[in-house]
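There are two complexes below, and they share chain A, which is joined by chain B in the first and by chain C in the second.
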Partner chain A sequence: MSVITDAPRAQDSGGQDDDRSRSRRTRRRVWRALQYVALVLFVCFLGFPLLFLVTAAFKTQQELQSPDPQLLPAQWNLDNFIGAIERAGLGQAALNSLVVALATTLIVVVVSLPAAYALARFQTRLRGLATGWILLSQVFPFILIIIPLFLMLRPLGLNNTLGGLVVVYVVWSLPFALWMLRGYVAAIPSELEEAGAMDGASRLRVLVSIIMPLLGPGLVATALFAFIGSWNEFFFALVLIKDEALQTLPQRLALFVGSEGQVALGQLAAGSLLACIPSLVFFAIIQRRLTSGLLSGAVKG
Partner chain B sequence: MTTVVARPEAPTPPAPARRGRRGRQDWSAYLLFVPAMIPILAFSVYPLVQGILLGFTDSQSGLGAVTTFTGVENYVRLLDYDLFWQSFGIGLIWAFAVTIIQFVAALCLALLLNANLWGQGIARTIALIPWAMPPVIIAIMWRFMLHPTYGAINGGLGALGLPDDTNWLGTAQWALPAVIVVGVWAGMPQTTITLLAGLQGIDDQLHEAAQIDGASVWQRFWNITIPGLRPVIVAITTLDFINNFNSFALVYVLTAGAYGTMLPMLFAYNEAFRYGNFGLASAMGNVIVIVIAAFLFVYLRAQAKARTA
Partner chain C sequence: MHRSIRAVAGIGACAVLLTGCAFGGGGGAAATSDPDEEVTLTFQSLAFQDATIQATQDIVDTWNADHPETQVEVVQGSWDNVHDQLVTQFQGGEAPDIIHNEASDMTGFAQDGYLADLSPYLSDDVVDSVGEGLWESVTIGDAVFAAPTVMQSYVVFANTAMFEEAGVEVPTGDELSWDALREAAQQLTADGRFGVGWGLRQPTAAFMNLGLGFDGTYFDVADDGSATIDVGEGELAVPEAVHAMAYDDASLDPVTLTQSGGDVLPGFLGGQYGMYVGGSYLAQQIADSAPEGFEWTVLPPLAGSAGGVQGTSPQTLSVPAESEHADRAAEFIDFFMQPENLAAIGQGDCLIPASEPARADLASATEGQTGWTEMLASGETLEAAPFQLASGYPQWKDQYATPLFQQYLANAITLEELQQQLADGWEQVG
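And then the complex of A and B:
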């Protein structure tokens, strides 16, 4: 299957050169063992930090600062979570994040759906332009976009408002959403539409009763990506939102690190963990698809 | 699909009618673009163009400030701005180090995940964890890990009898390497999964044939796996490099740019939103774009040549 795969063919060599095949088999066994060691090291490197954060979230301040630290907390208590929501003002921040992410997702889907359909189905000059823009927009540093946006949103009264943040997030999520949705539309055979049209269905009818049901999973995936993207975003929020009551969750947590987070380590861990929940749930749902179909298609495209 | 098969002999409309229909399609295609075009033009294309132009002005953040066109004055100023170039050098070290280490590590992990090992399903899920976390949270988590007194890293080192009092994020010697490790960690999933998808696209028969011909694991890796992966490698390293150079949130939360970790994005952010020099910060953005574009040009051209050679 891959370079490092052992082929079962090793056994075929028969009874002759027993010595050679034995030494080869030993070598192969050592190689396999090394592979397992490497895999375990990778898993520890990638998994352990989260484990450490999870256990820290349940520890008391004394445990966290004990000179003889234990990996697991003595008692799994929820005080840090309650404290994080109440004292650190994370509840309000989470609500702000949720509102912004939901509004962004809704607008992104509504706006990108027709355009993605057009990108997939019609050969227009806009198609090349749009694809070029999608790629180009990935290269430019945010600093070049945020300063003019800041200057533009100020006279519109959108600086330091969640509405302004939604505007920025919509534009920021659009290229990727368009790209994804276009792929999903292209995967639906256009013969289906022609057949529908042949049967006398109107264009709108074709879209609503043939395309939309087939596009369901792709639409959900695109929406989730837009949601997570806005939920996780930090830079634009840092620039645009100044009011403490309007801060998003990553923003609030980043500030918390520098201030009370120095002393309230457990609450910081608990708040961080809560902020991960939407994305962790999302990735748990799509991880199977992510590792198989979704990306192999994207790479070949 | 069945509907399509059921009507293979669908009558084709006469030519003029078809042309008419295509004309209408074109028109409706443009109409379908409108909802997405308006926000993109107004809040993405226009600001970007304006941002590039701002790099040639003395724009300030103050409300009443008058902006005048100053030509290349910002760039002349930047030439003597040692701190900026220092930050630029740090940015290059960071972007190259993270991209290269990430690539080598992710390739190893992808090969392992593709090698029919026991437990690779769980390993694959765990390998995705960093992807599921917001950058700010990744940074907070690693601040826990790297904490000089309560952190797991020093705890582990102490248990092994090694010096356990290193202030990883608080000394000029260790801050950049520590931040690079976190950068590698954060970007592993995308790189690994993309390379894994590329590996699965390589024809097994090539490996089998080479093995029958007596090619060693090493020979097969260099002569089959790497050439087969080349397009994927070029794509993902290019993307990683751009992302890493433009990275902000991770290092902002980890060190805020202290102890020799002032990435160019942090530097430009401070210039713009702490000191209010919008024009100069935009000029920095322009310089960064040009340098990234130059690196990508050299890299992609070398790759294109290697492919034709």
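And then the complex of A and C:
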């Protein structure tokens, strides 16, 4: 009896399970498809401005002002690139930007690394003060500090020098870099340092052999932040650098914008495209180190 | 102890020096230099079009060849951020020796005493070549703080093929009345195409400059820069006409009211608008960008009840009061103001030279070229607008006038509300 009655039940429940898992699978597939659609939209959203920049750089003035705009240029011509390089002297400006951005990045990383470690690991009163300083420094608008800064740099002979610009960028980037790096240091379990110490490693050895390798992604992120921030910065450079031979890329690119909304769009696009390249190369070189997950399972017992 | 006293004294001395640098602009106390001393002056130029950049460099090269003792070096600046740059440069005592900008922006710096008086250095020929009204717009008290070089006028560009197609005669004559503009716009409006496109995203300067054609001066400015406002019929005539064309006649594309002058250009070149109102500088862009066979011209100057008069804020050259070689810099400006030089600059930018002989030079240089006769004719009636000398104008313009005009053009407030709020805004600023 029970066999007779149980069999259909078992069949029933087996069928229900199949239905359930099938519908679960369908739901998962739909969800995954929606995720891909969202991803494609997101990539389009991010990618379209770049595509527009690339195509505008190769279009003629007539094509750019055409009432019936096409996405791709009729002919890929290089006039805008030649014009941009000749008019704005982009080569020298790119070199200046590169020097300033690399120097800023190096100094920011070297200064913020030990400071971030100290802030994350040592319980002192300075910690609260430093945190307050970091937050406060982020709320000041540029225009408020630019004149005092200008007056401070002038007697030091740092106005109109790339060195002066590096000093300003380091001071400007340091608080946030410190804040970022402090978070990365804090995320490294102190048990790892204790384990190293128990094995007889000195503090320096612990820092060099354990902390530094684990901080790799944090250092890369901080370096990227400092590099891109100083590569793109415009206002401080505008005010501090007067000599044309010392001007940075954003300053030179501003020459393509005139009064009353006039823009040399083709040349501006060509110049901006060229200006993107070093930044992309720098990112491509170091982004491989921007990985996470090194710590997963490090202290599981 | 001694060391700390010395340190404090040093800091104090630095502070005094810095304060001197920051607030030392005396206005008029220009330095003169040893005539044999070799100096290099910095000239921050805002030339934008390739032709104007070249013309500026040619002028500087000619000067440098003739004046080995006073070499001029051009530093290219940008219109977009020149104000912020000058604010910090004046405060830090590092402004270029020769500054290119426009009169309305330089007035504030002059009132703060940052600019040298050029009047002792300008030759009689240069002074006589520029109209008195324009000199008044760059004079505070007896001090001339800038030399006006070229000016922009508002002109009406016309797609002549569209006129022909619609059977409308292209307006000619000495002036184009606003009624005639409205009528032509209505006749040209058909099949989804509009009679007029006008990029009025930043409407204040256009309305205030064209308002002079209806005696709409907006401000009564005293010598010290203080001003009282009067927003009456004359002041509101232009915004009212634009509003009527957009919403009553539907002959002006309302979308263009939210765009810049350059944004409207593709529509004009594509035959979407029969007429296109904007600054004369747009002629250069039309010439550069027009498709082959595009037929266009410039219509006669727009005229209101008081004639074709328009306000303008001329481009200028100035010298900082603290320049160590203000006399040499002013001499260079005098050279720059020579007719052939201003004509070359005007031609490059499609702007009207401030000097009469330069306009004559430009007229002969551009004889037969599309639009130049009409553009130069509109330059004859340009006047310095009173608002330039009103000390609170830039703030009022940004905080009140521009948003209010934009709301009116978007049909969000009435003419009466606009009138009231413009005056109230000035009360807040003043």
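One rule holds in what follows: the second predicted complex is superposed on the first by the 204 of 301 C-alpha atoms of A that agree within 3 Å, B and C clash if a C-alpha of one lies under 4 Å from a C-alpha of the other, contacts with A are read in each partner's own complex, and residues count from 1 in each chain.
Assume a contact is a pair of C-beta atoms (placed from the backbone, for glycine too) under 8 Å apart; a residue touches a chain by one contact, two chains touch by 3 or more.
Just so you know, these numbers come straight off a predicted model, no measurement behind them.
K.L.:
Is A:I143 contacted by the first partner chain B, the second partner chain C, both or neither?
P.N.:
Touch status of A:I143: both partners.
K.L.:
Taking the superposition on A as described, I'd like to know which of chain B and chain C A:L151 touches: first, second, both or neither.
P.N.:
In the superposition, A:L151 contacts both chain B and chain C.
K.L.:
Given the touch rule stated above, what does A:R29 touch, chain B (first), chain C (second), both, or neither?
P.N.:
Touch status of A:R29: no partner.
K.L.:
After lining up the shared chain so the two structures overlap, which partner does A:R20 touch, if you call chain B first and chain C second: first, second, both or neither?
P.N.:
Neither partner.
K.L.:
Does chain B (first) or chain C (second) touch A:V257, or do both, or does neither?
P.N.:
Touch partners of A:V257: chain B and chain C.
K.L.:
After superposition on the shared chain, which partner residues are touched by A:Q62: those of chain B (first), chain C (second), both, or neither?
P.N.:
second
K.L.:
Residues of chain A touched: more by chain B or chain C?
P.N.:
Looking at chain A, the partner in contact with more of its residues is B.
K.L.:
Considering only touches as defined above, state whether A:E244 meets chain B (first), chain C (second), both or neither.
P.N.:
second
K.L.:
Determine, under the contact definition given at the top, whether A:F235 touches first (chain B), second (chain C), both, or neither.
P.N.:
both
K.L.:
In the overlaid three-chain picture, which partner chain does A:R205 touch, first (chain B) or second (chain C), both, or neither?
P.N.:
neither
K.L.:
Which residues form the common part of the chain A surface touched by chain B and by chain C?
P.N.:
Touching chain B and chain C on chain A: residues 64-65, 69, 143, 146-147, 151, 154, 235, 238-239, 254, 257, 261.
K.L.:
Chain B touches which residues of chain A in the complex?
P.N.:
Interface residues on chain A, with respect to chain B: 1-5, 7, 9, 31, 35-36, 38-39, 42-43, 45-50, 52-53, 56, 64-65, 69, 110-112, 114-115, 117-118, 121-122, 124, 126, 130, 133, 137-149, 151-152, 154, 167-168, 170-172, 174, 178, 189, 191-192, 194-196, 198, 203, 231-232, 234-235, 238-239, 250-251, 253-254, 257, 261, 265, 268-269, 272, 275-276, 279-280, 282-283, 287, 290-291, 295-296, 298-300.
K.L.:
Along chain A, where are the residues that touch chain C in the complex?
P.N.:
Going by the criterion above, the answer is residues 61-62, 64-69, 83, 87, 143, 146-147, 150-151, 154-155, 159-160, 235, 238-239, 242-244, 254-255, 257-264.
K.L.:
If we count contacts the way the header does, which residues on chain C are in touch with chain A in the complex?
P.N.:
Residues in contact with chain A: 14, 17-18, 21-22, 42, 46, 48-50, 53, 75-76, 78-81, 84-85, 87-89, 91-94, 96, 102, 152, 199, 201-202, 260-263, 265-267, 269-272, 279, 281, 285, 288-291.
K.L.:
Within the complex, which stretch of chain B touches chain A?
P.N.:
Those residues of chain B that touch chain A are 1, 3-4, 7, 10, 25-26, 28-30, 32-33, 35-37, 39-40, 43-48, 50-52, 54-55, 59, 63, 105, 108-109, 111-120, 122-137, 139-145, 149-150, 152, 155, 185, 188, 193-194, 196-202, 204, 207-208, 211, 217, 220-221, 224-225, 232, 235, 239, 242, 245-246, 248-249, 252-253, 264-265, 268-269, 272-273, 278, 281-282, 284-286, 288-289, 292-293, 296.
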